[in-house]
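Each in structure tokens, the structures are laid out below.
Same chain, two partners: chain A is paired with chain B first, then with chain C.
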Partner chain A sequence: MAFLEVQGLVKHYGSTPAVDGVDFTVERGEFLSLLGPSGCGKSTTLMAIAGFIEPTSGRIAIDGRDMAAVKPNRRNIGIVFQSFALFPHMTVTENVAFGLEMRRVAAADRANRVADALQLVRLDAFADRYPKQLSGGQQQRVALARALVIRPDLLLLDEPMSSLDAKLRDEMRVEIRDIQRRVAITTILVTHDQTEALLMADRVAVMDRGRIQCIGPPHEVYEKPGSAFVSNFLGRTNLIAAEIIARSPGRLRLAVAGVEIEAVGEATGERTTLSIRPERVAFGEQGLPGRVESCLFMGGQWMYRVATQAGELVVLRPNEGGAPLATGASVHLAWPAAAAHIVHD
Partner chain B sequence: MTRRNGPLALVFHAAFIAFILAPLVVVCLVAFTPEAYLSIPTTRWSLRWFKAIWGSDFIPAFWISVYVAAAAASLALLVSVPAAIATARFQFPGREALVAYFLSPLMVPHVVLGVALLRFMAEVGLTANAFGLIMGHVVIIMPFTLRLALAALAGMDRHVEWAAGSLGASDLTVFRRVTLPIILPGLAGGWLLAFIQSFDELTMTVFVASPGTTTLPVRMFQYITDNIDPMVAAISAALIGLAILLMAVMERVYGLERLLAGKGGD
Partner chain C sequence: MTERRHLPYGLSAPATLVLTAFMAAPLVMVLLLSFHTFTMATGIRPEVSLANYVEVLGDGYFHTIFGRTFLLAAAVTGVAALIGVPEAYIIHRMRPPWRSIFLLVILGPLLVSVVVRTLGWAVLLGRNGIVNAGLTGLGILERPAEFMFTMTGMTVALVHVLVPFMVLSVWTSLRRLDPAVEAAGLSLGASQATVLRRIVLPQAMPGILAGSLIVFTLAASAFATPAIVGGRRLKVVAMAAYDEFLNSQNWPLGAAIVVVLLVAMVTIVVGYNRIVERRYRQVFQ
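Moving on to the complex of A and B:
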């Protein structure tokens, strides 16, 4: 049995469903990321797990124990909010000690644990400051220490990085990931940032319109998105219409603008849609003919837009030091059969 | 970016400020006259009228005003905080109507309230009673405490309360340890505004006050209907001085803007 079980979770606001039947499980010590655009129901799901939002229906169980009748303050869950939600009238130490105080931990033990927690997030030198005297990254670390010091069964991170600037965000992702590994705590991260979800989590669940569209390890979800929404949301992709010529188990023979190709996946009917990641497309002698429309330099990569019979495709090629293809050049686009995935709308 | 005022605007602002301040300045000047009639002192200054206040029945009236205002502001605050939490934090049918009802005393003329309260208190036997007067004031000043309590709660991040809850605090502990300290500046601002409103209230109080509960504004009003001498000017000057003193103290201790803007937290 999984450590956290969410079954058939539904939350309606009035008649509109915010969460419309969500099922997933999280193993002990696992890091799951709920990824999706704003309004997809990911935060509502998280707050239902925390107990602050009462589900319309569905079941949430932690370690086999049903949470329906358990109040938020009895769930032993640590939460880091987007706004950090620090207590402005308390010092860093008082903030971190609050949860231990509520658990009636003896003063000496409390002081030790607070000190340990502050050391874990490298804030021992700021113990006596007030939150408003700290930078955004420091405030976030206080919030993390405050959530971890109570040794929660579950750590919930609600868009914790979205109010930090880009550079700090990159650092904190790695840092939080490291801390999560070190203390081996079951964690759920809610984010709308695909890089963050892919980078930090053991598994990613992509949500849209109140449902989980796709769940799995980051590279699998990225490589085999399954739906057009997921492939578009998880990084950039090329969606191409294709005609089905022949079928074999797990494989399809397709025609894209008159050029025959192979793809992985199953599809019924005569037409289908392919998803091909821009970094998997290469220029070659044979393949889909096209014309270079534009070429943008991105430092590590060149981004080409190529007009073809099947529509405009984006191609990412690594920068190997040489000159790029000129605008207007005639090219052929090719990709490995395994890079072309059937997606459903 | 702020635009600089043109000369016309500057003249307008100056005239506006002068119009507000001139009467106060005149009252303060008149208070120092040595004469027995209202006049601006030209040759000589005197504290004669300030000395006259001492030992007059204005002093007990002042204390009654202070007691009534403090009691009414505190009671109004006690009622406002739960009302503000209920209406700011929870959705229920009739929520908007309830807020409008609580704020409605702002809309009703005080004269009307005074007449109504006089009749009502006569019926229930609360005339000649400080309690009745205080309750009347609570009705009038409650919109102020409620407004500032609502503003303080609205300015507060809901997640801070959730964070406290997730850390193991019960609802009561969350309120006592987190919500209350954060909204306290807003509540203090509301209390202060309510106190000033109550202290100042004349229109309604004239109807309700009895000989035992004559507040300072009522006493002054009665006095000037019978006498025209600089005594009232001296009292006014003393009140202005007291207000300036209080504001200076509060500015030092708390920051007046923060108090009256009703902001919660930082």
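Moving on to the complex of A and C:
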């Protein structure tokens, strides 16, 4: 039995469903990310687990124990809020000690655990500061220490990076992931940032319109998105309409704008849609003919836009030091059969 | 450039003129007047003397009046905080349509003329008023309670009109509260009551302080409500000054009473402000 179980979670606001039947499980020590655009129901799901939102129906159980009748202050869940929600009138130490005080931990033990927690987030030198005297990154670390010091069963991170600037965000992602691995705490991250979800989590659940569209390890979800929404939301992709010519088990022969190609997957009917990641497309002697429309330099990569009979395709090629293809050049686009995935709308 | 630099002075000139003409100048004149002497035979004489201050500060009659005024103001402030702070929190937690409706209800007393409102209290609180009729009729009291011409009556009537200032001021500081801090407190294992006491209340302190100062100063200088509900027997400072000016014609003594009241209030307000700001320094930044 999984450590956290969410079964058939539904939350209606009036007649509109915010969460419309969500099922997932999280193993002990696992890091799951709920990824999706705003309004997809990811935050509602998180707040239902925390106990701040009462679900319309469904079941949430932690370690086999049903949470329906358990109040938020009895769930033993650590939360890092988007705004950090530090107590501005308390010092860093007082903020971190608050949860231990509520648990009536003896003063000496409390001081030790607060010191350990502050050391974990590298803030031991700032123990007597007030939150307003700290930078955004430091405030976030206080919030993390405050959530971890109570040794919660579950750590919930609600868009924790969205109020940090880009450079700090990259650092904190790695740092939080390292801390999570070190203390081996079961964690759920809610984010709308796909890089963050892919980078930090053991598994990613992509949500849209109140449902989980796709769940799995980051590279699997990225490589085999399953639906047009997921492939578009998880990074950039090319969606191409194709005609089915022949089927063999697990493989399809297709025609894209008159050019025959192969793809992995199953599909019914005569037409289907393919998803091909821009970095998997290469320029070659044969394949889909096209014309380079534009070429943008991105440092490590060149991004080309190529007009073809099947529509405009984006192609990412690594920068190997040479000159890029000129705008207007005639090219052929090709990709390995395993890079073309059938997606469902 | 020069025009730019003078612009702020130009913009604040009208307010400065109005305040100088109608606030600063009369205050200086009252201050000067308080050093003059007065006898029934000679009237006001422009001598410089401390006689009025010796009388105000030395006479037990005035001690009682000042003591009563500040006791009343303190009681009104305390009761207004006890009623106003929870009221502000409830308003803060209300959903949009109800919030506006109840804010209007709270502001209600301020929309009614002071005389009408106070006479209304007289009708309610009088010996044969509705409150006493109700209490005796239900058998809760054997005899009618005295509300009129008592400190209790004055406190009730002043709290009624001054509580909106407390509510508005506390509500303003609650609006700056991050709604997630309450959830954070709960998630750390605190009960709802502990969250209110340890997390919400300290952050509402700037509003409670500001509201207390407004309520205290308005209660200490109130005239109409104490005059009607308290009557002649329970004089407050504003009534004493009024009597000296208009009944005894002793303007210099009246001026000295006013100056002492002003100095005492400024001292109390500044001192209180200092103490609370030091205690809750982090919240005020």
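Just so we're on the same page, the second predicted complex is superposed on the first by the 345 of 345 C-alpha atoms of A that agree within 3 Å, B and C clash if a C-alpha of one lies under 4 Å from a C-alpha of the other, contacts with A are read in each partner's own complex, and residues count from 1 in each chain.
By our rule, a contact is a pair of C-beta atoms (placed from the backbone, for glycine too) under 8 Å apart; a residue touches a chain by one contact, two chains touch by 3 or more.
Just so it is clear, the model here is predicted, and its values are computed rather than measured.
Visitor: Report clash or fit for the pair chain B and chain C bound to chain A in the combined superposed model.
Guide: clash
Visitor: With the two complexes superposed on chain A, say which partner A:Arg181 touches: chain B (first), chain C (second), both, or neither.
Guide: So A:Arg181 meets neither chain B nor chain C here.
Visitor: Identify the partner contact of A:Pro72: answer first if only chain B is touched, second if only chain C is, both if each is, neither if none is.
Guide: A:Pro72 sits against chain B and chain C alike.
Visitor: Between chain B (first) and chain C (second), which, if any, makes contact with A:Arg247: first, second, both or neither?
Guide: neither
Visitor: In the superposed arrangement, does A:Arg146 touch chain B (first), chain C (second), both or neither?
Guide: Touch partners of A:Arg146: chain B and chain C.
Visitor: Mind working out whether A:His219 is in touch with chain B, chain C, both or neither, as first, second, both or neither?
Guide: neither
Visitor: Please work out whether A:Arg122 is in contact with chain B alone, chain C alone, both, or neither, and reply first, second, both or neither.
Guide: After superposition on chain A, A:Arg122 lies in contact with neither partner.
Visitor: For chain A, which residues lie in the overlap of the chain B contacts and the chain C contacts?
Guide: Chain A residues touching both partners: 50, 52, 72-79, 81-83, 85-89, 98-99, 102-103, 132, 146-147, 150.
Visitor: Which residues of chain A touch chain B in the complex?
Guide: Its residues touching chain B are 47, 50, 52, 72-79, 81-83, 85-89, 98-99, 102-103, 131-132, 143, 146-147, 150.
Visitor: Report the residues of chain A in contact with chain C in the complex, numbered from low to high.
Guide: Residues in contact with chain C: 50, 52, 71-79, 81-83, 85-90, 98-99, 102-103, 130, 132, 146-147, 150.
Visitor: Please output the residues of chain B touching chain A within their complex, sorted ascending.
Guide: Contacts found on chain B: 157, 159-160, 162-170, 173, 177-178, 181-182, 265-266.
Visitor: Hey, which residues of chain C end up touching chain A in the complex?
Guide: 178, 180-181, 183-191, 194, 198-199, 202-203, 280, 282-283, 285
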